[in-house]
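Every chain is named by a letter (A, B and C) in the order it is written, and numbering of its residues begins at 1.
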Amino acid sequence: MVPPELRYTKDHEWVRVEGDTATVGVTAYAAEQLGDVVFVELPDAGRSLEQHATFGVVESVKAVSDLFAPITGEVAEVNAALAGSPELVNSDPYGTGWMIRVRVADAGQVDELLDAAVYEQLISEG
Amino acid sequence: MPYGPHTPADRERMLATIGVSGIDELFADIPAPLRASPLRLDPPEPEQTLARRLEGLADRNRTDLASFLGAGAYRHWSPAAVDQILLRGEWYTAYTPYQPEVSQGTLQSIYEYESLIAELVGLDVVSASHYDGAAATAEGALMTCRATRRERILVSRGIHPHYRAVVETYFAGAGLRVDEIPLVAAGPAAGTTDLEALSAMLADGTGPVAGVLVAQPSFYGLLEPMAEATAMAHRAGALSVAVVEPVSLAVLAPPGAYGADIAAGEGQPLGIPLQYGGPYLGILACTDALVRQIPGRLVGMTTDLDGQRAFVMTLQAREQHIRREKAASNICTNQALLALAASVWLATLGPHGLRDVAALGAVRAAELEAALGAIGAPRLHPGAYLNEFAVRVPNARAVHRALLDRGILAGLVLADAVPDEPSVADALLVCATEVTTSEEIAALAGVLGALIGGGGRVPAGAAR
Amino acid sequence: MTVAGSRLQPTLFERSRPGRGGGKIPHPPPDALDRIPAAQRREVPAGLPELNEPEVVRHYVNLSQLNYAIDTGFYPLGSCTMKWNPKLNEWAARLPGFTELHPMAPDAVAQGTLQLLWELEQILCEVSGMRAVTLQPAAGAHGELTGILMIRAYHEGRGDLGRTEVLVPDSAHGTNPATATMAGLRTVSLPAAPDGGVDLDAFRAALGPQTAAIMITNPSTLGMFESRIGELLDLVHGAGALAYMDGANLNAILGRFKPGEAGFDVMHINTHKTFSTPHGGGGPGAGPVGVGEKLLPFLPAPRVLREPDGSFRIEAVGERPSSIGRMRSFVGSTGVLVRAFAYLRTHGDSGLREVTDDAVLAANYLKARLAASGLYDIPFEGPCKHEFIASASSIKKRTGVRTLDIAKRLLDHGFHAPTIYFPLTVDEAMLIEPTETESIETLDAFADALITIAREAESDPDMVTSAPHTAPTKRLDEAGAARNPNLRWRAAATGSWTPCPD
């Protein structure tokens, strides 16, 4: 079910690496658990993120969840569409529901992320 | 138990269904050494004797006085319809509207309250209510720190001393800094917030300022330079918090008009009884830009599955039951019934009635000023006021007490309320509203004139 | 967006007609405001609605009829204690001697109210086993903040500056961790043991010289008495920390357990739960806080004091420098406290104990009936206190019908729903608190409704998942409300505003 080409975190985020840029979002499983997403708080472009530190917040009607940086790096771009259409996180979590693009500072961190098979196993265990 | 339904047979049936032989078995989980000692209280009191006891206590209060006391809580006429509405059990015995399908009355009434207050303050977002004006002010001050990520606020000493004290308590808890802006000592602006001092504090390099708090009217009844203070705050990157009295907003410029980011205040004057301090109504409002920083419940308009317009609590992810230790505030219970009272009062009076309340208070206060000036109790400050002002009275505490013996509550002894403000040492803070009568004013002037003009009739140095 | 033919009502603003209403207040002379500087005056009048009294009254009466309320039916909201609100208390709070008293009135003219407040403090001391009580906090959460600020002041007063953490069980109300944050302290969440109580091993591991306090709700939000409370309190005090009791569930232990006697250092009391002051659609409440010996000096100012001559007075400004200061303006929510006083006097020693006994009896009865049905999961066995947890976890697995759906379907049966999805630690939780004032017929009817709905979930799940069917509205678009917030009526849509006659 989860896209095989992406990498994942235990916090239910996905990472797509293209060159030295990593696109980050939350998985369909996370979006489902949250319910209808109503607000996404994201950092400004240019901010430096430390791996595992919070970089934003995603809110649904009845829940709220921190977003954790899967890797260290500078925020290159933020998905401005989420400000007006937070529901994209539910409807297209791996596509138009992406959240930020990060310039990868340490490629080694990417290699340590979960692959699709391991993540699939993780969510099947609940 | 007076309100209990169970017959002995009911109890037996319930115990049998549970499968225990007696009620004590249901408390076996309380460790024996920790079980309570017997309650040393009076036995149950029948309704008729308790009613007499309560009437006796109420009668021990003296509420037959000609009162000129305001100082943050004001007497106003409340049309009979207001309390008739509040007495409906569907309002006062309902809970927080967590099931919106069966709570549309409460939800729509809160939405209407938010809308009415938004009109008064000229700001777009109004919380469903806070505990009182002081708590709302403290929450408004905390909002400025969250929004700016700064840790210092400047608070005018023209703000009610209770509000300043509560801000101090909240800020000490959060580890944030409060500095007080002094009042102008002399001249035409005497008693108002010292703008030069404010300017210097904003630029003193001891820490960036998150918010500037000024009250309109001030605790001393004076009209403050709100537009100037707001502009100065904004130039320093700080937010502006206006502490307002809602009835005055019928005739005074609203916070939104002079650019305030946040308005906080006491809603009691909107038809809520004095009742010795509460329950009152904390008003908190802000600009759209700050909607995610405002604590407390918010009700919004939406639709149901059939497309019917309906109302619901919204943006709840800011609140403690979801965000827990990261919530903007721990507030849960609010003052919904008082928000309803304020709404019914405003709806019953309408825009013209509200203006009449404010304007008539101003007329009565001018009458009071003239009467007191004529007997040698002039105003303490020269600036403009609406319906409350300080008057200089020698030996104010003793005079106040002597007046009380004559059935007159001559406002507030400022030396008792603000002992750290020497400039108001021998002064009374008096107010008038639309319910103040010319006869009451004449009585105060007559007795006070005799006391301060008559020599020797005031017991000098009498204690409070 | 139409409201025609519906029980729903147009807003005040839509009912407004320019020029209608008025006449309640004498008209001031035209020059009334001439002495107010022009720059300080309002230029654009507030866009308030214009209505006459009959319209206002019908508006609010019609709106009220869209509400569920204790006066109209059973309200089994767990942790909220929706018991009967006695009518005597409403009458008492409206006595003019109480309502017309100004909060800054000199003590000499406020002796009746001051006596009532002082006597109420004594009663609450006896019920809680505490040394002293402050009536200042306006609500439970406000009381929590008061208590935690006193604990901070206590540690700081002893020069014990490293205590920055508050231990909070994960089943606690969200107000507990939120309070710790407001008081500048960090929350450490404690997991529960399988029986729902605090896991003592996890607790020992979390406790240390950095611990300022533990906040415990007892009985817990699972409706269970914390039977290891003696050990917990010994450990807390042995570590130099203090123990805060969240009194939300005090209705379960009146006359059976006095937190102060047992060793708690501070607790709050929700008068709007245990002592039946009305909830008012969300408030007002009152949150008196009781303290033991250690926290006595730190109580908020001002206190109500009794003088040797039997008269009462309010502490003067600055009289007790060790105080944490003010929590609110004036003395407290006196109107609420009058109601609580009347309730406590009505019940007296034996009545309060019967309140608790009957509240616990009702909860256990309802729990036994649901357990016997075999349809709902009852995660915690054994006697509960005044409330209990049921869960639709198995029903969901079998039918897809969730607790939310069952809650909505209950509305069609004429009942308010229980508290749902709280505590967060139980899947598909329903927290059911019947209170002591509901008859066995009502309890049976409610149990029957839950059983009927569970069967309906098997036979006709769509009927349940599309509920409610008979409420004034269907389910609401909450996501839409949050994504595009509409938080106020826009005056522009109300039409013209009539200038004042002068």
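The rule is simple: a contact is a pair of C-beta atoms (placed from the backbone, for glycine too) under 8 Å apart; a residue touches a chain by one contact, two chains touch by 3 or more.
Predicted model only: the values in this text are computed from it and were never measured.
Undergrad: Quick check on this structure: which chain has its C-alpha centroid closest to the centroid of all protein C-alpha atoms?
TA: C
Undergrad: B-C versus A-B: which has more C-beta pairs touching?
TA: Most contacts of the two pairs: B-C.
Undergrad: Quick one: report the Å distance separating subunit A from subunit C, using the average Cα coordinate of each chain.
TA: 38
Undergrad: Based only on mean CA positions, could you tell me how far subunit A sits from subunit B in angstrom?
TA: For subunit A versus subunit B, the centre distance works out to 45 Å.
Undergrad: Rounded to a whole Å, what is the gap between the Cα centroids of subunit B and subunit C?
TA: Chain centroid spacing, subunit B to subunit C, equals 20 Å.
Undergrad: So which bits of subunit A are touching at least two other chains?
TA: Touching at least two other chains: 38-39, 59-62.
Undergrad: Which residues belonging to subunit B are in contact with no fewer than two other chains?
TA: 315-317, 322-323, 326
Undergrad: Which residue numbers or ranges of subunit C touch two or more of the other chains?
TA: 478, 482
Undergrad: Under the stated contact criterion, what part of subunit A meets subunit B in this complex?
TA: 38-39, 41, 59-64
Undergrad: Help me check something: in the complex, which residues belonging to subunit C touch subunit A?
TA: 421, 478-479, 482-483
Undergrad: So in the complex, the part of subunit B that touches subunit A is made up of which residues?
TA: Those residues of subunit B that touch subunit A are 292, 315-317, 322-323, 326.
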